[in-house]
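Taking it in order: structure first as structure tokens, then the write-up.
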Amino acid sequence: MSQEIKEREPMFSPKNMRLITNPFNKENPITVQVLGICSALAVTVKFEPAFMMALSVIAVAAIGNTIISVLRNTIPSRIRIIVQLVVVALLVILVDQILKAFSYDVSKQLSVFVGLIITNCILMGRYEAFAMQNKPWPSFLDGLGNGFGYGLILLLVAAFREIFSPSGSLTLPFFGTVKIVPQAFFDMGYVGNGMAILPPMALISVAIIIWIQRSRNEDLQEN
Amino acid sequence: MNKNGNLYIFTYASVLVVGVAVVLTVASISLKPFQDKNVRIEKMQNILASIGIQSTAKNAEQIYDSKISEELIVSVDGQVTSVYENGKFTKGNLRAFDVDLKKELSSVQKTKKGNLPIFVADIDGKKYYIIPLLGKGLWSSIWGNIALEDDLNTVYGANFDHKSETPGLGAEIAQKPKAGEKVFSDQFKGKKIFDDASDFKSISVVKGGVANQKAIALDNGVDAISGGTLTSNGVTDMIKDCLVNYVNFIKTQKSSNESGN
Amino acid sequence: MELFNLFIESIFIENMVFMYFIGMCSYLAVSKTVKTSIGLGIAVVFVQIITVPVNFLVNKYFLVAGALSWLGPEYADVDLGFLSFIMFIAIIASMVQLVEMAVEKFSPALYNSLGIFLPLIAVNCAILGGSLFMQEREYETLAEASVYGLGSGFGWMVAIVIVAAIREKITYSNVPKPLKGLGITFIITGLIGIAFMSFMGIKL
């Protein structure tokens, strides 16, 4: 028994911490692994729905990773993809039901994109690549990390788009709307960019983030 | 045990499916009351907004009960088939609030029969008639409520909402009233749905300013949202298609009002 | 005419990729050459034509509130709407499997060209997205749902082929290094998206 404890690594060993921090930069699910793009772009018109979406994905990624990892030794390999799909679908339905019950406005704004978390490749990708081979605790951290990495990009894009939109303000969850562009600017004739709220701007904002990230980190550049 | 044997796979799948089904059913049943309540409260808020009362999710139900005195169901030929007054039925047994507008409108379109809801608000002794609207915008459904004064002609207020109109353009129809600013729904106040010869004219949302139009009287038109022409057309159609079903009711109501005086 | 309108609308105006960013993952991963893009595009259209109508029927006769009333009046209050995600994805996964087996058996030539794409498709959000939009927009007839399935799949194919063609050419251009590959593809997609916005409001 005591031997087993010795072999076990501490809860927050450097290796485990990297599982959380790597997805923020070098292994970011969106800008580097190119996973989960669909929802990242579609829900970023405003900050608040993006925030709720990020929370939902973090929850589904972390809990799902843990469940798969706990079950990993029992899952028959022939139906493992189906089992993973069932677990994601279960969690996503729960998230959807909870949003509908307690955060109705946001659930209306997210509409079908909550359902599309099921096919968000981040989840299936992490379940298959990480949780099937690792213990529950690292899997949980990995899910959390990837969820955060995804959420970070989501929030960046959403903040960018909302600030430059004609309203010039930021709708923070729990705080209400904050005016970012001062009224004086509008009085002087500043007009927000109507483009920012239209779909193509999401793509261009992500491209800008990728540009910045890759020019700082040359390992990531493609040939 | 052989993990790739058919028996194992089959048992595993069955256990998984049953487990998932149980969890989902429990969650769905326990959360259902909350979800239904949200939908009801939103509907109440929309109805109240058309008579210029802004409510929060907390007080909507209470304000609704105190302001909306009657819920009527009328038929296309103008008969009142159901009256729900101060918490009880005085005629029929269908609450206007529980009517599925979409179903009724399509049945009216097909068979000329349907249960059309009207809400009557009572504010400081004055009656207002609120008619729910439902239609199609550019992308998807739009809906709203329009409140008429007790002459059943002059618009007292209106509100609109949408599922997925273009943000910043068509979506502006849903702008909430703000102090010192004229939003889209404010324009409807004081407009008339009949012309001087008491023919049904509805209210059109027109491009390029109502004042510059010849075909539409100033009383029967409001200005479109710039950049949201197709959503504006959707609003025009929605108001016309929904209100036209009530014309018979309005006419009978008017003549009974006049003979009553 | 209504149906043709819906078809055009779902290809150009409500294009899955440019307006809703659905199916972006495989879109970005596979759009390197025109040939493979066409293959994947056809596979998506194919699966979409099958799954959207099937899911439509399942939705209409099992899932919507009151859908079970054909079993008897006592079932009229049952609302299985909360099961729709899991049902849709299960149907998609099994349909893809069936299609794969059928194609393999009856048309080995087609299987050789499409085969490798089919497994990819079960987790392509374009497919689930098509079914979810079908449910969300409450199409009323099977014909409408089928036309929407065809149109949205076709729109996705148009998008991926356009971008693949541009990407083939852009490899010879001098793109800033950090933008190479992923970054420039995003920008191209954004620009084509702006172009596609000019279709907005077209009604036939």
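So that you can tell them apart, the chains are marked A, B and C in the order they are listed, and the count of residues begins at 1 in each.
Here, contacts are C-beta pairs under 8 Å (C-beta built on N, C-alpha and C of every residue); 3 or more make two chains touch, one makes a residue touch a chain.
Note that the structure is predicted; figures quoted are calculated from it, not measured.
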Response to the item:
Most contacts overall join chains A-C
Worksheet, complete the sentence: If chain centres are mean C-alpha positions, then the most distant from subunit B is chain A
Worksheet item: Where the centres are mean C-alpha positions, what is the separation of subunit A from subunit B, in Å?
Response: 36
Fill in: Whole-Å gap between the CA centroids of subunit A and subunit C
23
Worksheet, complete the sentence: Per the C-alpha means, the centres of subunit B and subunit C lie apart by a whole-Å value of 33
Discussion item. Please output the residue numbers of subunit C that touch at least 2 other chains, ranges allowed.
Written reply: 82-83, 86, 136
Discussion item. Where in subunit B do residues touch two or more of the other chains?
Written reply: 20, 24, 27-28
Fill in: Touching two or more other chains - residues of subunit A
82, 86, 90, 93, 97, 111, 198
Discussion item. Looking at the complex, which residues from subunit A come into contact with subunit C?
Written reply: 31, 34-42, 81-82, 85-86, 89-90, 92-93, 96-97, 111-112, 115-116, 118-121, 124, 198-204, 206-207, 210-215, 221-223
Worksheet item: Residues of subunit C touching subunit B in their complex?
Response: 14, 82-83, 86, 136-137, 200-201
Practice prompt. In the complex, go through subunit A and note every residue touching subunit B.
Written response: 45, 74-79, 82-83, 86, 90, 93-94, 97-98, 100-102, 104, 108, 111, 165-166, 194, 197-198
Worksheet item: Which subunit B residues qualify as touching subunit C in the complex?
Response: 20, 24, 27-28, 138-140, 229-230
Discussion item. Residue numbers of subunit C touching subunit A in their complex, please.
Written reply: 18-25, 28-29, 82-86, 88-90, 93, 122-125, 127-129, 132-133, 136, 176-184, 186-187, 189-191, 193-194, 197
